[in-house]
Amino acid sequence: MKFAILVNEGPFNHQASDSAYQFCKAALDMGHEVVRVFFYYDGVHNANRLSEPQSDDRNVVRRWSELGVRHGLDLSVCVAAGLRRGIKDDVLAPGFRITGLGQLIEAGIEADRLVTFGD
Amino acid sequence: MSEEATVKKFMYLNRKAPHGTIYALEVLEMILVAAMFDQDVHVCFADDGVYELKKGQDAKGALEMKDFVTTYRALDGYDIEKLYAEKESLEERGLTAADLVVPVEVIDRAAMAALIDSMDVVLSA
Amino acid sequence: MLHTVNKSPFERNNLDACLNRAAAGSAILLYEDAVYAAVAGTAVAERVRHAAEQHDVYVLAPDLQARGMKDAALVEGVKPVDYTGFVELVAARGTATAWL
Amino acid sequence: MLHTVNKSPFERNNLDACLNRAAAGSAILLYEDAVYAAVAGTAVAERVRHAAEQHDVYVLAPDLQARGMKDAALVEGVKPVDYTGFVELVAARGTATAWL
Amino acid sequence: MSEEATVKKFMYLNRKAPHGTIYALEVLEMILVAAMFDQDVHVCFADDGVYELKKGQDAKGALEMKDFVTTYRALDGYDIEKLYAEKESLEERGLTAADLVVPVEVIDRAAMAALIDSMDVVLSA
Amino acid sequence: MKFAILVNEGPFNHQASDSAYQFCKAALDMGHEVVRVFFYYDGVHNANRLSEPQSDDRNVVRRWSELGVRHGLDLSVCVAAGLRRGIKDDVLAPGFRITGLGQLIEAGIEADRLVTFGD
């Protein structure tokens, strides 16, 4: 089955990104396809490569990057939400790309299910 | 069925008050983009979401924040015509359809529940 | 003491959390989305009217204006203030406690 | 349809918002801070027990474990699932609606 | 009065559940720093904040998130000894003092209100 | 009177930063002193100089910078909260500085009032 995933909140401050990651990983492990992970609202902060969590904590940004590379995921960051919040190519972590909101709607059309994680 | 032929029922479900958080504004940006795809778009307002449509808002004059509420009036021009507000949510807040910036269909909670249940994609905030 | 509440009383428990612990006679300022609590004729208006009998309840007028409630009738006893009034409340009423 | 709720029922209205609009027979998943609603013996347990009579109510076990509720008694009728079960629910129950 | 002699009553008021948001963790980081200043520190748990102290939490094992709850047990070593949990908040959640990772003084809502009212600085989340 | 201000949330997503700014401006206009504005939790995002809001919107980051420079304000960004979220010197807007949490406690001791703006 084809899943699209929407992440509405940034790393650490809310659990949304953690939950989305665990869901995504489980879906991939089960053989499902994840057509796109879309980062909107404060969710764009998940793409900030400058994030440097404490050594005993998970690295939310790097974890998304690695999952993206490993599975060829499309990690799409909304350009409008990102501009507002200072998330641009300058600070984009590997595996993420800046795209438009149209990519979210497209994902909603193409996927069998769109699952939202937010506050 | 070809990609072009896919028409899904999309709902944009607004449950948050405007200005205190950005969700109302960024959902609206989402709806404007969604209008460019030929999908069956439903825009719903329930709980504090009904406050988004209150007449007379002046975020810029009062607080230098962005006045985005007038954009709801432009939705008609984008062929987005299915707007619904929940009756119970309006009543709890002392509002009626006459207080709102755009004409909406006021439906009761049971009808809202049935509408939600009929959707293919629900985008909520 | 000044207690501040900034969340809608319909969405979260912040206002009740505040009212449950504000000492009698303290000041309570409703701002941001909490200004909806100050408007007459809603499902929470009676609770706020009751609170205004035991506390000095204020509402931030610019937040009302932003939300289209500038001319709305307020709950009896609730007094509007602007940002200057907000600052004066903080100065005059001692410790500020935010019910986030 | 699958409804998801991720906020504490003591802090926000999300659970009630969901229960007010979930069609009979639909699935409801409690996760993140909403797992507290699934635990027996709280002030909201009766509401959740009633909901479980009309819906299929699930709770995400890893979120219970994170919060020290792994061995807590659950409200009657609420079924624990892990992330695999979460994915299965989304696949099996159609549209996923998040009550944020 | 010299700067050095200033001793204020500080309260760290925890009202949010752990893990769903970061507030509990970052308030705790604040308290550890506060311990280095010679102030009169009070750490309070009310509403969902009482869940922060629930025994048996395992965020790392369950979700790869950070296990910060054990740090509450270290507060004693930082001479932070005034910990209070609200009785009504515990009861609503089916909890008792025996469910908590550290010994706290359980006080009722009226006592919590009086304690808050006596503070010079309240840092809440 | 001496005020200290604590900002807990990032720009745009929550009104907290707007409210803190309006409060701060009013206090300064009235002749009060603002000993420190401390940015904690997601509040650290207010210091991201890459933020580029739409032309018809307020520029939250620049506005803080300008107020800070004009009044010689101490705009302190928590190092620990910032590291976690990718807010470091690399992206710091003018007028902000990275400091430790001790600066928040100090501000609470030194100021007559500490006022918190958050979610």
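We call the chains A, B, C, D, E and F, going by the order they appear; numbering starts again at 1 in every chain.
In this text, contacts are C-beta pairs under 8 Å (C-beta built on N, C-alpha and C of every residue); 3 or more make two chains touch, one makes a residue touch a chain.
Everything numeric here is computed off the predicted structure, so don't read it as measured data.
Provide the labels of all chains in contact with chain D and in contact with chain F.
Chains in contact with chain D as well as chain F: A, B, C, E.
On the document's contact criterion, could you list the chains that touch chain B and likewise touch chain C?
D, F
Please flag the chain sitting at the greatest distance from chain A, going by CA centroids.
C
Report back the single chain whose CA centre is most distant from the CA centre of chain B.
E
Looking at chain pairs A-E and C-E, which one is connected by more C-beta pairs in contact?
C-E is joined by more C-beta pairs in contact.
From the mean C-alpha coordinate of chain B to that of chain D, what's the distance rounded to whole Å?
The answer is 26 Å.
Suppose each chain is reduced to the average of its Cα coordinates; what separation in Å results between chain A and chain C?
Chain A and chain C have C-alpha centres separated by 38 Å.
From the mean C-alpha coordinate of chain B to that of chain E, what's the distance rounded to whole Å?
It comes to 40 Å between the two C-alpha centres.
Take the average of all CA coordinates in chain A, do the same for chain D, and state the distance between these two points in whole angstrom.
Taking the mean C-alpha position of each chain, the two centres sit 24 Å apart.
What are the residues of chain A that contact at least two other chains?
Residues 8, 12-13, 15, 22, 41, 54, 57, 80, 114, 116, 118-119 of chain A touch two or more partner chains.
Which residues of chain C are in contact with two or more other chains?
Those would be 6, 10-11, 13, 32-33, 62, 95-96, 98, 100.
Please list all residues of chain E that touch 2 or more other chains.
Touching at least two other chains: 19-22, 47, 63, 65, 121, 124-125.
Write out all the pairs of touching chains, ordered by chain label.
Inter-chain contacts occur between A-B, A-D, A-E, A-F, B-C, B-D, B-F, C-D, C-E, C-F, D-E, E-F.
Under the definition above, what is the set of chain C residues touching chain E in their complex?
1, 13, 17, 20-23, 26, 95-100
Flag every residue of chain B that touches chain A in the complex, lowest number first.
Answer in residue numbers: 3, 6, 8, 10, 22-23, 26, 29-30, 33-34, 36-37, 39, 121, 123-125.
Within the complex, which stretch of chain D touches chain E?
For this pair, the touching residues of chain D are 6-8, 10-11, 32-33, 36, 39-43, 45, 62-63, 65-71.
Where on chain F is chain A touching in the complex?
10-13, 41-42, 45, 48-54, 57, 61, 80, 83-88, 90-91
Under the definition above, what is the set of chain B residues touching chain D in their complex?
Chain B residues touching chain D: 13, 15, 46-47, 109, 112-114, 116-117, 119-122, 124-125.
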